[in-house]
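Both complexes below contain chain A, partnered by chain B and then by chain C.
Right after this comes the complex of A and B.
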């Protein structure tokens, strides 16, 4: 998997410079000693950005809309939480395990599920998320709906907010970098071909079964990492939140809203919808958030099926083309 | 180079192919004709690994490839086009062609695949459309794109499924020229399914005729055109007698 991901690294392009710049600014935010509320809000934005980005590898690039990513999120969350709860191992050290457990689960369920196409795949993944919820609720060692209380970091509350803020930001940067890198590699080309026409892709030598499974596992791995940090951040874990269908669906909507065909679309969607949601829930009368949220989504799905970013993509090339075509147009009038 | 041995394929109660055997030599251009529903496209699908035959075997360059999945068949060097064109409509022409250049038997990285794709696009005469979205091409252009995409895996055997269908006479002429150039420059063996018989007769060295899933004749185009059995299948018994 890593071989196909490692393309050639050229000099940083403008989008990379902009990304690095933004990340550095975000990393410096705690220096301005913002409120704990602001830190925790930004933590949530980064988390959803990372989740939507991870989802996009299978859901956007390969076109397999998973509605069960909460399963991977929850598995990651429970992996680090249980290891901390029973063995006292720090989640910061066991984090890779959270990703690995989610990826392993993706391999097991992906092999049969990824043979299904379109709505059938989506339905099965939706059920998968629900099944994981029931499982976590009923297994003895997860303590069911009582949940697990985890020990805090041994620092004051504000410092711990900053630590988690920086870690989630780092995860977001990693996910976004992976997402961008894929579009420049063999893997991205193959996934796009699968999304367009899986049978035709096969006749060109694309091993769709294998490639989809790799994408699903990579997506699950990254989602598991995010979950692994989340449980420690919350310091309390119960199945109804980490395995919630609402998480699965929110991730999908964010990616679709921003645009699932680009590497930055899911991030834009996550930021936009998180801010809209936060502003409306705190400032507007109750339920306004839900109504506006719904209306926005209907609007985007009806008028911009490829997401918000498709406007930018449509406008930019037209502007460039117009400039390029200008001399040609002049020649025509000369004739 | 390619051998089909007693290939049988059934779909439910319908036998689409019955005991079809044939062989194609390296460098040949073989035509495959027959009325609608005679099993031509099914035979292509069996060879290219879309579905396995119920009975019989496909042997390519001495290797039994019966039941190989389509990506494995492609990597061995068998490319196909589709009767109803299936370009990746949301991608540009270059993006379409680089898929096979990367995943077939060729390039290792995306930049090299792009270069290779542009050469092929130039070769099939789509140079000025390299960065056009495939969905905005005309039918004739889409057919050329299918051919470029098939060539991108560096095939040794090319299966062309009705590349002339739906084209006007001038476009058919262009396509015939293109096929001649493909043979000259790539030295690739070709099997082509065709309904435009005139075009087929002047391009192919040998023709195989299918009817109701069975091979009913095989030979040089002139012989086939004079074969009473073939004439009766196409035009009815009255013509065969006259």
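Right after this comes the complex of A and C.
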């Protein structure tokens, strides 16, 4: 009995402590009364961190690169927005529904689509994203391209910025915790086995169909939550943004850039690229920013197929890095 | 109703020929190297713009500018294969996925480059024969549709003859069917793939000009065209020239029919749904043996 207790109260590993410390520092940032601009920028960073992290469950761990995650993001966004718009239900209460709708959709499309492998899966998800955009544009109750105007929170603008900041931070922490936890479970090992060789994994007793579907649904659920918060934050919603292919691509790029085999890779990628994007869009037209993004995508694939973190792992073989490595990740130092 | 349907099917068939020529190169590159060139239609849109500007700046019809474009696009295809695809292929664990992401990046760069250069405004090509029509019996055929059909027939015919009759073409087919066997019989795989890439991108230029005769276009259009291309290639079977031609015509007929029965805004959804069903049922292609 004592043994079990002491085991469960053991000190967390260094990477967990580092993560908790960082989260606490971020949570305390509003105490220093930063500008509304800084808060909204950090909100975007957290949002993309959470999105890239959610994507990584299916795209990174299982190796099924989804190019249509904007569909889940948009579904989540529209779920809370429509409930607020038509029934006046607060998105903070209906948020789980946003995740559930996205997960349900993922279950429906995932069952047939996950049978496709490699580029075929990426292709079908890309088309699904485009189809959802067309659908949202043409359905009568979404008000198409006119969009939906949502009521603001009943507090002043700065306070509402802080509230959304903390909520998105909490979502990011949840996603990151889930992402890390998966690597320590049977599911994580199973997904890694599927990524490396799906047929061989099947012969070893990995129920690939079920695991992939679970991973896809979990990924969609978390993405839907983020979307559900986003629509309330923006208080205006139209299909051309929340269902945009560019969101899907940005998510993929961030995860690939940071390194999709680790739990912290997508986060690192999201932070780095959000900063790059912010600097570029404030200095140059949006097209230039996207050209740089596209070029980065090309560069990563050509020179760093395992992402930014593969360099870090080679250069910093510290305790933190070793502990944090995905158990089934390839030995990067051997390359 | 019946007349309307016949009219739509006729123009659908001609549109389908443009889709076929847009797709044939994509299909060839995919078949030979297992690389999905997602930027294929970005090249096509680039060609559409070059044709548009040659007409509006110098008054040269896109059809006359096309012969000058072909070597340029051939060179672009060769450069793309030499500089990007080969390097990525050496490092990638999964060639199909890696090159798909790579060409996606290329597509993003090209799309936004074109937006910077020529604004995101949609363009309409106004040629000397744009408003010309012919009547065949009770049906009306628009001249641009006929021109696109002619372009497509010529290009696909030439490509087919190249593949069937010339030595280089036979080498390309050999590599498609059995790369190892082809290499063992002394075919230089690298050279053949490079040629195939050059041809693929060159045909995308023809496809782009043909499409620009039929539709308005802007830099972001390439993703919409890509959906058509996927449909045609999946239906016709990856790598098959005649398959692409036939599938293009079939898709054209479907587009024509759906424009009669389905409201315009939902047309895209019909195509998306069709593509998803097709991918799920027979990803290796319906017309493939």
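In the analysis below, the second predicted complex is superposed on the first by the 288 of 335 C-alpha atoms of A that agree within 3 Å, B and C clash if a C-alpha of one lies under 4 Å from a C-alpha of the other, contacts with A are read in each partner's own complex, and residues count from 1 in each chain.
Quick note on the criterion: a residue touches a chain if its C-beta (ideal position, glycine included) is under 8 Å from a C-beta of that chain, and two chains touch if they have at least 3 such contacts.
Source: prediction; values computed, not measured.
Engineer: More residues of chain A are touched by which chain, chain B or chain C?
Structural biologist: C
Engineer: Would you sort A:98 into first (chain B), second (chain C), both or neither based on which partner it touches?
Structural biologist: neither
Engineer: After the superposition on A, what does A:245 contact: first (chain B), second (chain C), both or neither?
Structural biologist: In the superposition, A:245 touches chain C alone.
Engineer: Going by the contact rule set out at the top, does A:192 touch chain B (first), chain C (second), both, or neither?
Structural biologist: The first partner, chain B, only.
Engineer: Is A:293 touching the first partner chain B, the second partner chain C, both, or neither of them?
Structural biologist: second
Engineer: Could you list, by residue number, the parts of chain A that touch chain B in their complex?
Structural biologist: 7-8, 184-186, 189-190, 192-193, 196-197, 199-209
Engineer: Name, in rising order, each residue of chain C that touches chain A in their complex.
Structural biologist: Per the touch definition, chain C meets chain A at residues 36, 84, 87-88, 91-94, 96-102, 104-109, 111-113, 115-116, 223, 227, 230, 265-266, 268-269, 272-273, 275-276, 279-280, 283.
Engineer: Please output the residues of chain A touching chain C within their complex, sorted ascending.
Structural biologist: 63, 65, 67, 112-113, 115-116, 118-120, 122-124, 127-128, 130-131, 134-135, 137-138, 245, 249, 252, 256, 285, 287-288, 290-291, 293-298, 301-303, 305
Engineer: Spell out the residues on chain B that touch chain A in their complex, using ranges where they run on.
Structural biologist: For chain B paired with chain A, touching residues are 48-50, 69-72, 74-75, 79-80, 82, 86-91, 95, 98-100, 102-105, 109-111, 113, 149-150, 152-153.
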